[in-house]
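Below are structures written as structure tokens.
Below are two complexes that have chain A in common, paired first with chain B and then with chain C.
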Partner chain A sequence: MAVEHPVASPPGDQTRIHNIGYRTYDGPRLGRSYARRSLYSQSLRGAYGLGRSVKSKVLPMLLFVVMCVPAAIMVAVAVATKANDLPVEYTRYAIIMQAVISLYVASQAPQSVSRDLRFKTVPLYFSRPIETADYVRAKYAALASAMFILTAAPLLVLYVGALLAKLDFADQTKGFAQGLVSVALLSLLFAGLGLVIAAVTPRRGFGIAAVIAVLTISYGAVSTLQAIAEVQNSSGSIAWIGLFSPITLIDGVQSAFLGATSAFPGGVGPTNGEGVVYVLVALGLIAACYGLLMRRYRKVGL
Partner chain B sequence: MVRVTTVYDVTVIATESLSKRFPRVTALDRLSVDVGPGVTGLVGANGAGKSTLIKILLGLSPATEGRAEVLGLDVATKGAAIRERVGYMPEHDCLPPDVSATEFVVHMARMSGLPPTAARERTADTLRHVGLYEERYRPIGGYSTGMKQRVKLAQALVHDPQLVFLDEPTNGLDPVGRDEMLGLIRRIHTDFGISVLVTSHLLGELERTCDHVVVIDGGKLLRSSSTTDFTQTTTTLAIEVTDTDEHPDGTRAVREALHARGVTVDAGSGLPGAGHVLLLTAQGEETYDLVRDTVADLGLGLVRMEQRRHHISEVFTTDTDTDEQRKEAVGHGS
Partner chain C sequence: MYDPTVARLTYRALLGRRRALILGALPLLLIAISVVVRGLAGADDQTAADLLGGLALATMVPIIGVIAGTGAIGPEIDDGSVVYLLSKPVKRPTIIFTKLIVAIAVTMVFSAVPTLIAGLILNGNGQQIAVAYTVAALVASIAYAALFLLLGTVSRHAVVFGLVYALVWEALFGSLVAGARTLSVQQWSLAVAHRVGEGDLVTSDVGLPTATVLLVAVTVLATWYAGQKLRSLTLAGEE
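Our next item is the complex of A and B:
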């Protein structure tokens, strides 16, 4: 940032340093949409600790590695044993790794929004051209993208491995595409839930605990109830119970429409009719999360 | 306001019977005020409506009644355009502790719409102007209050606004930090050409810094006038002299001598060193010469002769008191 130039002086003259003082800015001002994109990229980088301290890189990077390592091992096994198929379906992978995904959203959602609330940085954003909606969209999109990277990367590892193992191309591509749709929906849903919970409290610790609690308690309750329902032979209710936790919701959607095998007890996923309800509930939840975030930030102001 | 700045010589802020009512409180009550370019102080006790006014002026909170314009733009409809040209430094802490000042201010510059390269250049420039050098690469968490205030100021200036709102910028600073901050605020206008609206509940510090002072109380306008009007309607001189063998009571001798020349002198009672200080009203340049000559004729030493400026806080008494009472208050010195 060359501000003080030692000016080349004619011989005989004394060398002087000219402080050219304050310079005005006449360049372009790129406005709202640019500011929103900047906030998006800053938040997305922040979700992996980039641009932040070394300490804050550890957990997200570690979780990312933990997500990918099993996929790499599966691929290695498939290649070595010359198997006809991958040990795990693309759509199933996220369900198996749900604990890691929950941990990631629990740690990064508060990082994204609670910090701004806690350190009262929010007023600085709103004293600039962006509006509430820009802030909410940028933060939501950033966390959803970060989650998509986390959940899609292992699928990519599986896919590349499957092609290396010379598995059927069409089959694998279809499975991979279905898996991507599934994790995209999962990313949107989990990011929304995580942000809504985290945006309530300026305390990061509370945010982390609350997100973990909501995700695990709902899953625990739903799977317990489903197990009871199966024992009592009321398998019809298993599908309906699955609507009440985020991960079983995703499971239901993908079993009904994305060719996945359900992880529900008895392996009975929802029927197509029930599947429509699943999709509607999932989309409704995502919309509700967005609406709640907008409401939350309308009040924050300065 | 006579000062012409890079901003066109127009009204920077104009409000017209601006009111803001909350269910239980009236924060602003039919406030009409015009602010020109330069440094303007917005004075009022806590809860007088200063922050509410800033929120409305930034287009973030709708007024209940009346209208307001900032830089010629209506706050009700042109909020985003106003916020692009205006900087805001909040009263409270607003800095994340785990990033460096450089990173934070660059991010804020981009949030104001500056392209990445320009954001970096302007950040380096601005941090240097507010007086942050090597420490700008360290996390903000380790900064002193004074340094944090500078970062807050830098983020308000980084996009080269035409106007900045500074909400209580001297809060929490020690006397030296306070003076430095006030000097910096002065420079924002004189060197950077940016108009300033600075709030404070301390009247004294604004008289040194501002061209113009707006006083509000309970959401109502108490007074709006230039600082010189406030403090220099008349000048009071304070004089202190030495004693000599010839005149064991030098102060008295000077008073009598001046009295003989037709100048009324007040024995600055109630002041530190009362009895040794003489107060008189200066009628212009001649008074200074007269005092000098009188003291010299008596063979005394002139220890000091200084202007006593009237304190801005008198505005609170003048609002309710009559003009005559005010003059009296001025005559007794501040």
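Our next item is the complex of A and C:
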């Protein structure tokens, strides 16, 4: 119990509120679209560790280098041997490097959203003029752009190298454009899946493992089943099995419409009819990821 | 050396709430695939060996090992709550040993048991394939758990490095460079499995004596060094 002091209230009017110089903000209000753009650019920079500590730059930069070095080697070989064609098609490159791409999305998707959840900064974002849709779009677009940079850069290396090696211009440009469309689709799909999984858990490590598990286990399962279907001579089912993992989905889309040779066992990609299903499933998955993210962030009190 | 309270806390951290569901989803998927394959292809020893070797041992065991091994200590170090554990009068090697036991147990339950079930579904343990791969999964669980527990104490990005080892080193380099296979937990455990299996369906690039020595050495050294790391643990601030 505090001791009751008699309040010494001096007679007369001595009390007053001092003006200590608080001012209202009268600068320009940059508004919602500016906040969204900032969130996008900061997330995109964060995906490569820019503006963050040296330690967090190591992994994304390393993966970026690992992604580009084989392309540079292939170009060097093509130039040195005066080959008529690049050793690898533009559309095939991402399929070969899928382990690196998976690792990148697995490490950066939780980086992008899990930390906001864990340190409870999401409510702070929503105290700014942005809405759920803005946050989701900015994060999704940022990760998809980062993935696109990661997957398109080696294609650019291949393309420039092919032109330097004086390969056929029209042919190479067509292949390059097809490759870009395919990696754009791949970036959207992988970024969506990664973000949906990462947004569930505030634990970064757990998010990484979950994303990798979904990507590699689904690929392992699908390719095993396809190999078995190939042995069993039921090659009709190979294409349908391919629908169930992200990387084979992309493979199917590009071998049906983008002139790629399929990496499926037996080299038989989906027919045009099946290809339509592939495209629909891929677009449906992207839309579903967006919808799930919107639902996830409708309430973020945790 | 074994502290029941630490063990209980670790079990709760690993299997609490939704985490057990996600850990359980992988084995369920393996069993579901086995059922589908059995339905499609019938009982075939080669198929069974391919599926168990390619999917169960090469992908599922390492991933569960990473989740359990790093998950046993990583999150605590990450959010700093490990200081409350370290400030208790429990020896740090004891903490590591207890967490190792828990990680091994979780990895075994979620990887070796489903491997056995999947093997039995696939070909009813013909040529001892199911048992051989189960033994491999058991042995690999021990080594993976010890290795990834060490990674969890060494690095904040333990999960990524663990996955890089499991997927890039063992799967990618292992298939390209023969020498990388000598330094692979998967091959060591296959060497043990080769001993158990009857036919030539389970093969390894490493001899059994080498494999056993390396397995024991890696497990013991990793556990010892993890204990040492924990003795001099400094908590770095969030990046």
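Some notes on this structure:
Keep this in mind: the second predicted complex is superposed on the first by the 275 of 302 C-alpha atoms of A that agree within 3 Å, B and C clash if a C-alpha of one lies under 4 Å from a C-alpha of the other, contacts with A are read in each partner's own complex, and residues count from 1 in each chain.
Everything that follows uses one rule, which is that a residue touches a chain if its C-beta (ideal position, glycine included) is under 8 Å from a C-beta of that chain, and two chains touch if they have at least 3 such contacts.
Since this is a predicted model, take the numbers as computed values, not measurements.
In the superposed model, A:Ala210 makes contact with chain C only, not with chain B. Once the two complexes are laid over each other on the shared chain, residue contacts for A:Ser56 go to chain B and to chain C alike. Of the two partner chains placed around the shared chain by superposition, chain B is the only one that A:Lys120 touches, whereas chain C remains out of contact.
Within the superposed three-chain model, A:Ile96 lies out of touch with both chain B and chain C [touch as defined at top]. In the superposition on chain A, A:Ala76 makes contact with neither chain B nor chain C.
Greater residue coverage of chain A by touch, when chain B is weighed against chain C, goes to B.
Judged by the touch definition given at the top, the superposed model places A:Arg23 against chain B, while chain C stays out of reach. Common to the chain B-facing and chain C-facing surfaces of chain A are residues 52-53, 56. Of all residues in chain B, those touching chain A in their complex are 6, 51, 54-55, 58, 60-61, 80-81, 83-84, 86-88, 90, 92-99, 103, 107-108, 110-115, 118, 120-122, 124-125, 128-129, 139, 155, 159-160, 191-193. The part of chain A that touches chain B in the complex is made up of residues 1, 3, 21-25, 27-32, 34-35, 38-39, 42, 51-53, 56, 115-116, 119-121, 123-131, 301-302. Touching chain C in their complex are the following residues of chain A: 52-53, 55-56, 59, 99, 103, 106-107, 203-206, 208-210, 212-213, 216-217, 220-221, 224-225, 227-229, 231-232, 234. Residues 19, 22, 26, 29, 33, 36-37, 40-41, 47, 50-51, 54-55, 58-60, 63, 66-67, 70-71, 74-75, 78, 156-160, 163-164, 167-168, 171-172, 239 of chain C are the ones that touch chain A when the two sit in their complex.
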